[in-house]
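So that we are looking at the same thing, I have put the structure below in structure tokens.
Just so it is clear, A, B, C, D and E label the chains in written order, and each chain counts residues from 1 on its own.
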Amino acid sequence: QGGEIHIGVPVFLSGPSAGPFGMPERNAAALLFDALNEGSVPAPYGTIGINGRTIRATYIDEASDAVVEYRNLVQRSGAEVVIGYTSSGNCKSIAPLAEELETLTVLVDCGTPQIFEEVVTDPQFLFRTGAMSTMDAVGAARYLADRGVDMSRVAGINQNYAWGQDNWRDFTAALTALETESGIVSQQFPQLFAGQYGAEVSALLTSTPKVTFTSFWGGDLEAFVLQAAPRGLFARMSILLTCGEALFPGMSADIPEGTIVGARGPFSVFAPDTELARWFAESYAERFGSAPTFPAWKMAQAVLGVKAAYEAAGADATGADAAASFKGLEFEAPGGIIQMAIGNGHQAIQGISYGTYKLVDGRPSVENVISYDAACVNPPNDMTAIGWIEAGFPGATCD
Amino acid sequence: MTLNRGEILAVIGSNGAGKTTFVNMVTGYLKPSSGTIHFKGRDITGMGPRDTARAGICRSFQISQIFAQLTVLENLVMADVAASENKGGLSALALTDERIERARHSLGRFGLDAFANRVVGSLPQGVKKQLDIAMAAVTDPAIILLDEPTSGVSVDEKIGMMESVILPLNNEESTVLFIEHDMDIVTRFATRTIAFYEGTILADGATAEVLANDKVRQFVMGGVHA
Amino acid sequence: MLLVTAIVLDGLNYAAWLFLIAVGLTLIYGVMRILNIAHGAFYAIGAYVCASTLGIYYSAGLPDALAFLAMGFAAIIVGLFLGLVMERGILKLLYGRDEVLMVLVTYALFLILEDAVKLIWGVESYFAWQPYAYLGYVEINELPYQIYDLLMIALAIALGIGLWFWLEKSRMGRLTTAVVADREISAALGINVTRIFATTFAIGTIFAVVGGVVTAPKIAVTPGIGVEVIILAFAVVVIGGLGSIPGAAIGAIFAGYARALSVHLAPELELFAIYAVMSLVLAIKPHGLFARAAGRKI
Amino acid sequence: MMKTDFRREHLYIAILGLLLILGFFLPSWLRFLLQTAIAGGLVSLGVAIQMRAGLVNFGQGLYFCLGGYAVGMLAAKAGITDVAVLLVASIAVSLVAGVLLGLLLSRYREIFYAMLSLAVSMILYGVLVKAAGLGSTDGFNIPPVSYFGWMPERAIRANANYIMTVVLVLAACLATARYLKSGAGMLCEAVAENEIRLAYLGASPRRVVFIAIVVAAALSGLGGGLYGIATQHVDPMMTNWTTSGGFVFVALLAGRGSVIAPVIGFFALELVRTYALDLAPNAWQLVLGTVMLAVILLLPEGLWSLIQKRQRQ
Amino acid sequence: MLEARNLSVSIAGTPILRNAALTIERGTTVGLIGRNGAGKTTFMRTVMGLQKLSSGQLAIQGKYLTEAPAHTRAAMGVGYMPEDRRLIPEFNVEENILLPLYALGQKPDPARLRWVYDLMPEIARFADRKALSLSGGQQKLVALGRALIVGRNLLLLDEPFEGVAPALAQRLIEVIAALRGEGLSVLLSESDHVHSSKLLDRLYVIERGEIERAQLAAA
């Protein structure tokens, strides 16, 4: 059919989130857009562009006034689809706007369950192809329980902002639901991007937990590992890093072996062995010099979701048509099959895996992996995330 | 010591004798370590500058205290506004024709017309001094204390200036006190003179008497002058 | 006991770090009346330079122990260069302008430098962990503590005393005080004001860069690390009284212990502990703890 | 020379009104930018008022945030969505905060005023970050609002919103101009210049400053309310020091020649910012910083001096 | 010692000094007399290098220094006593007086300090008081002392007798007269030569920025 499709991509290009999130997301988007335009993505995405239309992308910096810049992207630059956003705050603020401006918008990485539970309860144009952060915490609690880790004394260190607070709340609620009888011995909430964790490490050392849970990411996670590992924190307790996989490319030698790591989904070392996954990981590494981290995988599944939705809607599909067929869609992505199962068919669910870190021949890898199905770690369509956890995971189907 | 209504009083004394300190105390900038100050029968010891000013005691400064970035006219308008602050002046319109008229009138009174629209900061010292006094006089105070009003003013203008300052201020109602080093001026304007020396009062009385005092001649005037 | 040891050491450690950053800020403000927001960018640049220097250093296979020397050299050279370029190139044009305006000038410089850093080093993290790990840890009252952190406390004390001595006792320091009080008359009395300003700014900048260099081994050097420190440093400086070196030390200790105590005893208060301390100090002493007494005005 | 030429204020505000009416016909993204900018401009105006008294408030975002949260909490949590109530609440809340803080802050000057106001705003930031019920750093969304019982349809919602914002911003400008012309407003300059003299004239510098703080608080609260209604979202960044820094920046760069200067200045800054973001997504801060520096170097008296200069000639 | 030719100075576009010319020979005392606003202070500041000149030449000891910054002029032995005192509030009196020596990297010179104290014993009395606690007149003396310390060749005294009690003014006249014996050149300004008439070797009158040589009345 020809023509162009203009996609706006708001990701972090400046500030502390640019490295851990903005870069891999942008890279993944660029990789996929180019490959799609060439038609070189493996099946089922081998057709050119989206419905034959070449993709043209506009990247903007998410570290700015999200509402204003979303409008500018859609109304001034004329983007037909918007794929992006990492910050939950930004996701929340633009969510109603996507509906108001009737623009197909796919949230990539923000984790707050509120998007479809509270902010937009009757969505049409808004989708999220990444799973909610609930899954990370529930999966973490289940993993610890299933591996028989001593959970009598539990500590947490999480950044003092919505993400860190939500993760800790979900995790502790999940512990209660799983009846682990844990005592919480320390809950640290250092300021976001504080960078200095000497006192927190001391506090964790002095309160002698058996397990420490953290949802740190980016520079904070890296700094925490750098400061805690030499002081023997990792040797004295089990430490679970929900975003640990992101450390692999840069810090593979510095992560103490045995640390429990997750990738916020079946990504990277946890990815299924499919042609699509291999293609993605290899071409990303080839083009950008390092393996893709989980934000890259999540961007890839957002882009492919859009392609799948457009093509399911037919050759002349508009954004609205694509939105209509996106609802409840199941599509393949490098991380496996994505089901738009909850949030009235607008919110994806996915499985999650955890494992313990091990360096094999100088390459990062994991062992003792346990993977949980999407239906095991995500709430059903008619429940809120926290309600589901507090009720003891009704309807969860785990193997 | 006592100041009487309608008096023109000169304070003389060597440098560091305590003249400025005295004025600072009367106007509430400093608190006396002992002793009291009464004004119109009321004890004003320990009142701050703002309250003494509202009670009717105003002053000028040895180093002029003016609004350096405003023009001369604006300085006077501002002074007028500030002086009416307690009379509900805060909410009233400030820049009324009536006020500007009053400010222009003060300009004329203190010989500042020529500078009306000049920004004050760049004016010569002498003019700043005159403006400083004009601002002190805006409220028609009962007592006005002038700290070295003529220092920095050209000699041939000193007398003219003192005339323009003192004559309009001095009437039955108000008392003028000025600190001065120029004995010509003292002789010419003061009805009474107080001589300070090292924090004590050396002499107090009719100007001619004080200036003739031996001690005053020795410590203040250094043997010069008639 | 363990808890007390932890609080004492953590507070001191954090205070030392804060002091290293804040002292340059207070010096520059004290002398030049410039509240230098670009200080945060200098700190960040210091951290990046350290990471790059050590990267080159270790890949050349040089001995671990001498890495500290390389760090020191890098800090001084970069600080000197940055400081002089900023002062001679831009700030010079603006002397005598409003204090607030100067804050915004340095804010603009900060924005420019932030992006310049991004253009030079990219947005990915840099690491220079070797010196931190190299020295190992000691157990103090059963609490494992990094020797590097203890050395940082010593460094802060040494540099602080050195700078204080230089300002209070040296000829340069005396002249600096005069320039602060009255720039014009100082020049008329024979003080080379230009040189004083350039020197002060360079020294202040070197301190910021040193702060970044010594912090780099502990953290992931990423974009945005500069923003976080400025406001902390401001708080420290204000608590102590602007322009005072002992003030910066006391301010850093207040802020350091505010944080250590809240982390250990009431973690939920950590975020505003430092601001609460600052408000409290200012409410009691409106000009900070070590403010200069105001002179007679009339 | 006094910074403001009071006689022309009405003319300037009329011109602003005209511009904003023309703004109605701008493309919707630009009109939206204009709408949020003039709301933010009110906060800058508040900063500018304090600047007349020589005080720089690096925590003005506090009132902006309080205004926004007042609107947000009433609309999203209590279900009251009428602008009449919402905006009165936003002004009232910030006014009360202004009075309380004014009692404390009116004693402070110079950098200490700046830092203490900054500290207080950051304490509010810390409290909001801790408030999980208010969405912590994510903030929360605000539903569409009604106008005296009339709830516009989605299609014309933006128009109604714009008109309301314009009317209120103009009214706020007029009120501010009136305040500046009063004794309390004019004496601000005297406070900045020489407090000793002011006290010796029988006026209270503290009272003058207090009133300036309260007026600025009310303006900023209204600005925050309007901003919240426009973007339909509030979060704690509104009271972060970086936000306040932006307000200070505009207040300073716009110049103090007229109450409309900060309002227009804010729009200019937002335009520069958004185009920099669009044209140089990787180096927009560099562009912004360079523009700021250039303005400071080339227009020492602020942007408004361009207009004043022309008049003088 | 000092030669100023065709000096013109404008501030913010208004001409303040017009083609001013003035010469001071070594060891002489020269008066610059003019009313308020005539430009006396501006002239002094220009000589000191605190004020940019728009045209003309200025030479001290035969050296042209139209562009030289202020501090290099101090190094040439020029001492300046500003009319508004301007002491450094943080320092005590002695430190204020010695400041120029520090500034120029010279050793505190006890002999010269004693000489200053001997000239003005009242300063010695409050040598260790903070400068800002002094009265106006006392500050004036300190400012003079400070100028004397550094001014080994030329002294610029801007209205030295203003605000000084008669007894002290008398003493100051003696002090300044004694300087001639030291080979010092002095330029002093006054609004009228009431005090200085006995001191002067040469007199200039300044009026609206124009300087003219005048006859010494008393001589």
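Here is the rule we go by: a contact is a pair of C-beta atoms (placed from the backbone, for glycine too) under 8 Å apart; a residue touches a chain by one contact, two chains touch by 3 or more.
Composition by chain, UniProt nomenclature: B = ABC transporter ATP-binding protein; C, D = Branched-chain amino acid ABC transporter permease; E = ATP-binding cassette domain-containing protein.
Every value quoted in this text rests on a predicted model; they were computed, and no experiment measured them.
Suppose you hop from chain D to any chain it touches, then on again the same way; how many hops at least until you reach chain E?
Counted as steps through touching chains, the separation is 2.
If I average the CA coordinates per chain, which chain comes out farthest from chain D?
Relative to chain D, the chain whose C-alpha centre sits farthest away is E.
Look at all chain centres (mean of CA atoms) and spot the one farthest from the centre of chain B.
Farthest from chain B by mean C-alpha position: A.
Out of every possible chain pairing, which has the most C-beta contacts?
Per-pair contact counts point to A-C as the maximum.
Starting from the mean Cα coordinates of chain A and chain E, work out the distance between those two points in Å.
A distance of 75 Å separates the two centres.
For chain C and chain D, what's the span in angstrom between their mean Cα positions?
Inter-chain centre distance comes to 32 Å.
Let me have the rounded angstrom distance from the C-alpha centre of chain B over to the C-alpha centre of chain E, please.
Those two chain centres are 29 Å apart.
Which residues of chain C are in contact with two or more other chains?
Where chain C meets two or more other chains at a single residue, that happens at 114-115, 118, 227, 268, 271, 298.
Quick check: what residues of chain A touch more than one other chain, meaning two or more?
Correct list: 13-14, 160.
Going by the contact rule at the top, pick out the chain C residues touching chain D in the complex.
35, 90, 93-94, 97, 99-101, 103-105, 107-112, 114-116, 118-119, 227, 231, 234-235, 238, 242, 268, 271-272, 275-276, 278-279, 282-283, 286-288, 297-298
In the complex of these two chains, what residues of chain D are touching chain C?
It is residues 51, 56, 104, 107-108, 110-112, 115-116, 118-120, 122-123, 125-127, 129-130, 196, 241-242, 245, 248-249, 252-253, 282-286, 288-290, 292-293, 296-297, 300 of chain D that touch chain C.
Show me the residue ranges of chain B that touch chain E in the complex, using the header's touch definition.
12-21, 62-63, 122-127, 148, 151-157, 181-183, 218-225
Please give the residue numbers of chain B that touch chain D in the complex, ascending.
27, 48-50, 53-54, 58-59, 65-71, 74, 78-79, 81-86, 89-95, 119, 135-136, 138-139
Tell me, which parts of chain C touch chain A in their complex?
2-3, 6, 9-11, 13-14, 17, 114-115, 118, 122-125, 127, 129, 132-133, 136-137, 143-146, 149, 215, 217-225, 227-228, 259-260, 263-264, 267-268, 270-271
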